[in-house]
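Chain naming follows the written order as A, B, C and D, and within any one chain the residues start at number 1.
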Amino acid sequence: MEDSAVLLINCPDRKGLVAAVANLLYRCGANITHADQHEDHTEGLFFMRVEWSLAGFDLAAFQEQFRNTAAELNMQWRLERMSQRPAVALFVSQYLHCLADILHRQQIGELPCSIPLVIGNHLDGEALARFYGAEFRYIPVKPESKKAAEEEQLRLLRAAGVDLVVLARYMQILSPEFVERYRARIINVHHSFLPAFSGARPYRAAFHRGVKLIGATSHYVTAGLDDGPIIEQDVVRISHRDQVEDLVKKGRDLERVVLSRAVMWHLEHRILCYGNKTVIFD
Amino acid sequence: MEDSAVLLINCPDRKGLVAAVANLLYRCGANITHADQHEDHTEGLFFMRVEWSLAGFDLAAFQEQFRNTAAELNMQWRLERMSQRPAVALFVSQYLHCLADILHRQQIGELPCSIPLVIGNHLDGEALARFYGAEFRYIPVKPESKKAAEEEQLRLLRAAGVDLVVLARYMQILSPEFVERYRARIINVHHSFLPAFSGARPYRAAFHRGVKLIGATSHYVTAGLDDGPIIEQDVVRISHRDQVEDLVKKGRDLERVVLSRAVMWHLEHRILCYGNKTVIFD
Amino acid sequence: MEDSAVLLINCPDRKGLVAAVANLLYRCGANITHADQHEDHTEGLFFMRVEWSLAGFDLAAFQEQFRNTAAELNMQWRLERMSQRPAVALFVSQYLHCLADILHRQQIGELPCSIPLVIGNHLDGEALARFYGAEFRYIPVKPESKKAAEEEQLRLLRAAGVDLVVLARYMQILSPEFVERYRARIINVHHSFLPAFSGARPYRAAFHRGVKLIGATSHYVTAGLDDGPIIEQDVVRISHRDQVEDLVKKGRDLERVVLSRAVMWHLEHRILCYGNKTVIFD
Amino acid sequence: MEDSAVLLINCPDRKGLVAAVANLLYRCGANITHADQHEDHTEGLFFMRVEWSLAGFDLAAFQEQFRNTAAELNMQWRLERMSQRPAVALFVSQYLHCLADILHRQQIGELPCSIPLVIGNHLDGEALARFYGAEFRYIPVKPESKKAAEEEQLRLLRAAGVDLVVLARYMQILSPEFVERYRARIINVHHSFLPAFSGARPYRAAFHRGVKLIGATSHYVTAGLDDGPIIEQDVVRISHRDQVEDLVKKGRDLERVVLSRAVMWHLEHRILCYGNKTVIFD
């Protein structure tokens, strides 16, 4: 597939923003393949994602000109090339369904990334990681060793040039310092329909409350537990016949789908965070 | 349609319960049309719903014999005739979509009940109630008049022989005394996916949290706010484009469906409450 | 609410289309509140919907200039004012759930239209139509009287200035001449997940095939039966326990939702037909 | 987990069936953990599934007595032990997502079976099969070699003692003779919402028809193409933005879930076929 560029913008809303971007792209000869914008009228904010073909397009020249436009219009922005596939690290504990799912999706080309590294605080994920060609590093985490473990994790992430950390049912809470280092670049899946049943043992809590649907939520990790910007959610119907173990089983399908969609959208540069919310561009 | 009987049982689980009920029904010549049972292994409880045709069946004789069986086996039970259509009262405030929906469903025969009475703390629902042949009573509720209002409501419910109270987006909290009087016979719809966003203004709260699905929940009313046994829930997808008023609009469809299913199942004697949960028989 | 304009465009795709539209709007001082575009790369087509506030905006001046741009760029286009609420006629037979639903939605302000006219080939819908303030006209349709009936219907539609015809479970097939007269302005709901079970008695056919989900489809009416551009579809789960009458009951909720969404999107000028498909703008 | 027995019954409906089964189980001292029955009133058929603990239960004695009861009441029946895990063979071509999914589910204990054998008409599935401990056999299929290929497949199935064949996106049509040999024991997944888009290239057909939801269907294989008893279906929403390759991608998640549920229910002895339909016991 030929290469394309993605421009993500957010800025205070005002007249002429679309015109300014569209004009510059037109003058540079861009062949726009997708464009989507959003106005938050309450907050007075403007968000835009444009994607165009890079065949015969002078990206450096565009970037130079756009820098001025962006400064004038007070834009925050990122420019990405789809051919530059981010490097992803997966963190895992003992449940392997999300790990197996993401590794397989990457292998069949569904996720535009490489996965050089899997870190586990248990050894369970090792065989899967190796099978799919990722390095597996075992870093157990005890309360007293947590700081050292995180330093080792960070060292490995840097060494592997990791752009995105995916917590594939990783059962440890990351320190605020770790989170800050990969701000808006750590995606977690929580096995409940947040904000309901945040924290530990959500399936058990859902069972005891007697809900008729259970859910899963993927979100960016922030310092607050299960409190970061939500990327995707889904639910499945349960009944009085379902025991906690049935919820766990049904929930696995939700977790897989909800986490993999979040990872895919992140890798396709479709997500803009603002405040504690996300814009997901089509 | 010919008449049928419904027997609802719950009791401590032990061997031979199905055999005991099935035998007695067989000896009495019952033609069983539906049967469903459920065992809660954790709590050691047994639940059963049996429905059979009353054509040529001596219900009084059966009931007399069953009384003994039930006593021996420590059963709590109810015996209902489908031909005895319960009387339902609807409580409403200013939003009329659930009111219009339930009145219409009753009229086309979807809900096996009569609706003799609609009580509003605003006048908005009057025309609809009258159009569908229900009496409308306007009872405004102010903090200082709440006690008197509830007494008037209870008097009207008794006078109309009401079996079930449906809060069709009724924006007042009933007192514990009122709730106790119609225990497990008041159904409310809350416009969120409980337990998330209980209390006031759930759509606003959902908007600010940035969830990707919104929900609605129908439940029996208990003394605790939005805390009673859940009967039904459903959700609909939203996006960053949806403002609070869009959530309100999308939510109306959920509220209608979730409330009407709960009312239908209650009227078909498909719901057993235990603890703070419900069994919904197929 | 203040007035806004909606511009709908489709044309052959080429560079500079967004820039051309955005520039003109900017020069005219438009405050864009929503914009969405779509490229069909296979067909080489471009689609756009822009909405902007009309406060202090000279629409006539814009339209004059845009006419030239559009001609140059080979655009097909429509310009709509949201304050000009289309007049809708509902056609109905004996099932009234869609009729009741749409009339109620219009009354509470969910549908930006007026509903001056309801036409029934049975009398069942008369009371509902009158209650909601619409004129009801009874036009029975027999094979031998069909041509005359349609002439009478067309006369009434013209007299009431009707812009959109909604077939709310109207059980007659319109002639190709009628359809042509209101091309892309007649919306029907079919009670199956098209293209499965087109034609008569879809619930019965679904029951006999043993499907596990049933659906409903809203679509623009064309000369081919159940074959027009699909606007919206939805499904609900069924089980082996559901008899044909249960499918009918569950299906009613689908039909209501699927039809009313289609009507709403049409009225908000969100739908562009091309070939036998629809673009639904966010 | 302790062992349990499952009894599946279907027979002409008559009074006393539940009593007969429940009595015999009670007299034999069975501790029933699940029971579910269904009456098809149109066809006059009765279906039942009972599950009970085998701790201290004399299964041979029960079976001997039940044989008489069953003969008297004209019952067709099967008696299964949950501890006897069926052997499953997976057939695969080049798409591996269903293969990877089922192998992983089996490994984590979600599917009560062994998977001794994977047969591919391409080599793509070999590494995955081996990783999960299954034997992989490559049997290419050409029109002229089809008969010999099926003979080889059947030989391998017999040698491995296979009870269930799962077509995990296997792109070859099995001969009627093969299908007959494993009647009601071959499960396929078709990538459409049957009966819509049966046959080849369903995603392409769905794209051209402009549907708003796509589906997947798992079913028992019969001699008629895509025409066997449906076990499970699910759908996902698409929009005008989705090209054929997006449907393929979204469809993969449906196919995985719909196929694995069918396999799980089959292995838990929850499915009864009758005519061209299935009863799925809770």
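Criterion: a contact is a pair of C-beta atoms (placed from the backbone, for glycine too) under 8 Å apart; a residue touches a chain by one contact, two chains touch by 3 or more.
Model, not experiment: these values are computed from the prediction.
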Listed by label, which chains are in contact with chain A and with chain B?
C, D
Rounded to a multiple of 5, how large is the rotation, in degrees, that superposes the C-alpha trace of chain A on chain C?
180
Would you identify the chain whose Cα-based centre sits farthest away from the centre of chain D?
C
Between chain D and chain A, distance of the C-alpha-averaged centres to the nearest whole Å:
35
If you average the Cα atoms of chain C and of chain D to get two centres, how far apart are those centres in Å?
41
Mind pulling the chain C residues that touch 2 or more other chains?
41, 239, 241, 282
So that we know how the chains sit together, what is the shape of their touch graph: line, ring, star, complete or other?
complete
Write out the stretch or stretches of chain D touching chain B in their complex.
15-16, 18-19, 22-23, 25-26, 29-37, 39, 41, 237, 282
In the complex, chain D residues that touch chain A:
96-97, 100, 104, 108, 110, 127, 131, 239, 241, 249, 252-253, 257, 282
Chain B contact footprint on chain A (complex, rising order)
38, 40-42, 193-197, 209-213, 215, 229-235, 239-241, 243, 275-280
